[in-house]
């Protein structure tokens, strides 16, 4: 029993990091119906920005988190402004290809600048706590806590604020929204900024949990978070969080039982199964197919 | 005259809204049936049900006596039911002749393998489809535009191309969804003579949805009137013109139908 | 206009001449092994590019799973030549191994094709991604083929002549398909699926034909790749491999035979020429792709083809004489 | 465009592509230097999973070439010829390493190819070197398959090695674990998707159980994984005395940190993949303190030849050489000796003279190449990570 509880904590930690990134995918898809493949690399840059920041001026954890989120938010808006906005009218495929291209450019430029894996500086004293044989570290508590906090804040923002309403309006009918005087481009830019900020935060937390930062980590974790967002129903915020925790626990549980090579096989077969029976994800809504 | 197309208690609901309610109508071979009604009466939904784009909630559709509800739209089209669309849905990036050949091809029968290996049979069917399509285009003075992209054609030419494309299916039943939309009265009357000529030449049965009343009255042998998905009147043009319920549905209470 | 039959003859003789040159070239020593390696890679990438173009270009879908079909072809043929018949004569063994590799991948194309009936756009892209990942992690769990560490000691059977031959076959078959009833059906699906169905196009058969042909040739390319490299492991058929093929399709030109050849050639030679750049060479290609998407989304030769690639039987319009290559936008 | 516009647009592109193909291929084949020189190729992992390994290999080779060219080059058949080095990156991927080998051997026409070091790259490159008949010396790949012909099982003709193989290293470690650390039970965690760790862990298990120990749990992960908590939780359940981690230098600190977080106290045992100094930098939590690993050579117990090399390397690059650098330097010396004793620039002659070398005294100790063997019998050293450095513990003769 103790063994399962320990694995549950591992799953929670992994799930919360996937959730933060998956939210970024769902927000951008909700507003632009576009899959932002560069998001995985923005997550990776979150960790690198933190490295840069600590190397310049050692700051406490909370300040580092805010600065990193601001930096990735700025990056998110820049990518949207120069790579995605001109393609607003182009066929959707070219937007996806540009996103894929931007992702690779970011990843390989970072690889060019620092090809070696770099150690993540220690921002928090990592005390471990024992509860009846289950060990949980301060770091894990912080990660799960910060992720849940950001998720609740985002949910509040979307449900309760006027900005959130404007976002949902754009999601349903982008053309109509600009006619009603809502500054569509600004809202989209801000959505990108928030998505990127969440990705940056996830990058920082991921770098602290696994203190070896390399340019290629964006790809592997990025795809997993994307799969989580799709399982939950791409475009749906709560779906993204649900999908992330499901994927996190499936991965941890498969590795706990089977050799690790089965992990991807099982998680992707789960994805395929869901897509076949519920093509729009667990919480997604189907768009009616009219003549 | 046997009924070419017949619907029995046809209904279709979208969530709570009942787009088509218990509709039973029939179209006889060689007849031109006009279908009129205010906007949102369910006319286009009727066409979508007839061509299988979405299945009916309940009721039957019989074409040549055989049920076609729930069949794949391409299967229904191949049985001889061709249609045009309210807002033109041509293959804009393909050339004019390709648009027509796509419809004509569905009548050809060559196996995918034959096509991949370019067997003589496949080569001949290619040649046949080109020549037949060119014949049809010449018939409708579109031959000179064969190589142009469908999207670049004028509005009138696109409307005619859509009809030509439907005729390439060699249909028994032609469903026209507001062919004269956006045309002024003189163009509408030109289109009426054109359609009458087509009806004669290709021995077609036509179901026409249209708001231009002179056109409907001039062309249709019989008219059905729909309102909120329910059939409220039917009969030959004169009976329908005088029917008070039709006037009320269209113009509210007073006023005389022109 | 030159009579169609004479044009056929000239085209056939040029192709045969190409085959003879490809067979003789290695022996003359004029071309060293490395240039042969690059030319074979160009041929393999051209097959991958034109076959993916069938789904991403002509059908307007967005498939990310092409590397998965390639992997199936590579492994199926490698199992044949390494495990089952290691001593069989190469002339007989290799073509059948490539064919079986292609058929295995083709069979795998059927379920993906069936899934594409209902889902389109982003969701089909995600399904092809899931298919790729399942194939990759599936291969990692089969000990018979060396599991995650891959299969070793594959005989080096891919010669320049074989690569040229299969490349010509791929282009010929896909050209026949594209300029045929099913090809136009596929293009109609790209333009407007509902109208296509209403015009009698059996979209299900068209989609199946597109996916099966596309995955068949991906399998063929995979088999050639395996027998050129002599070593394959699951991780060389990952998402980066699929992206590489996507770059070729969207760089060369969507829905264009000439574009596929151009894209494959440019990208392959560029990756080899950029070697001295080190890590920065992997920034150049995606950067080119992003710039291209901004200014020319359909690629260099998008939706256009060289006149001599199209089937030519005399177009006999009665109304007026129209030379085929006169207008730039010739799309027949 | 400069073309007369009567030619239709597609045809214009046709001409464009033809010119592109011809200039592309001319460019590729054009670089042929005039003066005869000894061409040596380096196939290194400059990017990808282990850039530090690639960098050490490249630096050591460049150091050797500088020293040799300073006094005229290598003596070949009476005259001194300068050494020309061409370095190609295989970005630690199997297909790229085969392409790099193909480029070095046919395009640059190298006489000897030194590298690749990572086994997952060395094996495909070895296949290619074998079929093209060019001598290849892998400085660091300890996997038996690199020099073994898969079809016949006999050693390859052209592929040699400058380091001992897993068959020698794993029993050394197993003996050390049972005798010196008195371990009864062991757990193993290794990357099942890459060559070296998989064969090292299998051989370790065999040797450990032969020496009376018991492997209580064997867990796997895939390259690029970051989260090992699930596997480590299972290992914690099996309560082993020691944990054998044949993981590369960038994964090991991560695994150690997560193990300590889960409260696992058992000491770690590592393979020669730990040897890069980066491992200390990455181990911020000092979780590897007191762990032991097996290596090719130790800066402390170095012979005079080794001390000289360490001094030159540190002077040139500012940091002490790791075992990859030392092994590459030895490989370069072996290669140059084979070329000068062959007396000409012919590949088969160079290969034959390499096959004929029986003994060799290099920076990493005394080599003995038994007849028809491609791997040297040489001593291994056991090192310990203590207060931020590598400390020599013992040397084990073959």
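Order of writing sets the labels: A, B, C and D. Residues in every chain begin at 1.
Here is the rule we use: a contact is a pair of C-beta atoms (placed from the backbone, for glycine too) under 8 Å apart; a residue touches a chain by one contact, two chains touch by 3 or more.
Computed from a predicted model, the values in this text were never measured in an experiment.
Enquirer: Through how few touching steps can chain C be joined to chain D?
Expert: When the steps are counted carefully, the minimum from chain C to chain D is 1.
Enquirer: A-C versus A-D: which interface comes out with more C-beta contact pairs?
Expert: A-C
Enquirer: What chain is most central when centres are computed from CA atoms?
Expert: Smallest offset from the overall C-alpha mean is found for C.
Enquirer: Going by the average position of its CA atoms, which chain sits the greatest distance from chain A?
Expert: Ranked by distance of C-alpha centres from chain A, the top chain is B.
Enquirer: When the centre of a chain is set as the mean of its C-alpha atoms, what distance in Å lies between chain B and chain D?
Expert: Measuring from centre to centre gives 73 Å for this pair.
Enquirer: Mind checking the centre-to-centre distance between chain A and chain B? Centres are C-alpha means, answer in whole Å.
Expert: That gives a centre separation of 49 Å.
Enquirer: Mind checking the centre-to-centre distance between chain A and chain C? Centres are C-alpha means, answer in whole Å.
Expert: 34
Enquirer: Quick one: chain A and chain D, Cα centre-to-centre, how many Å?
Expert: It comes to 37 Å between the two C-alpha centres.
Enquirer: Going by the touch rule set out above, which residues of chain C reach two or more other chains?
Expert: As it turns out, chain C has residues touching two or more other chains at 140, 147-148, 194, 278-279, 282, 327, 330.
Enquirer: Quick check on chain A: which residues sit in contact with 2+ other chains?
Expert: Counting only residues that touch two or more other chains, chain A contributes 111, 115, 261, 263-264, 291.
Enquirer: Quick check on chain B: which residues sit in contact with 2+ other chains?
Expert: Only 53, 85 qualify.
Enquirer: Considering only the defined contacts, which chain C positions touch chain B in the complex?
Expert: Going by the criterion above, the answer is residues 172-173, 176-177, 179-182, 184-185, 187-188, 191-192, 194-205, 209, 213, 303, 311, 313, 315-320, 322, 327, 329-332.
Enquirer: Where on chain B is chain C touching in the complex?
Expert: 51, 53, 72-75, 77-78, 82-83, 85, 89-95, 97-98, 101-103, 105-108, 110, 112, 115-118, 122-123, 125-127, 129-131, 134, 138, 143-144, 146-147, 149, 165-166, 169
Enquirer: In their shared complex, at which residues does chain D touch chain C?
Expert: 8-11, 13-14, 17, 20-21, 24-25, 27-29, 46-47, 88-89, 93-95, 98-99, 102-103, 105-107, 120, 123-124, 127-128, 131-132, 145, 149-151, 192-195, 198, 222-223
Enquirer: Report the residues of chain C in contact with chain D in the complex, numbered from low to high.
Expert: Interface residues on chain C, with respect to chain D: 31-35, 37-39, 86, 140, 147-150, 152-153, 156, 229-236, 258, 261-262, 265-266, 269, 272-273, 275, 278-279, 282, 300-301, 304-307, 325-328, 330.
Enquirer: List the residues on chain A that touch chain D in their complex, please.
Expert: 3, 6-7, 10, 13-14, 111, 115-117, 119-122, 126, 128, 130, 135, 137, 139, 206, 210-212, 214, 216-217, 220-221, 252-253, 255-256, 259-261, 263-264
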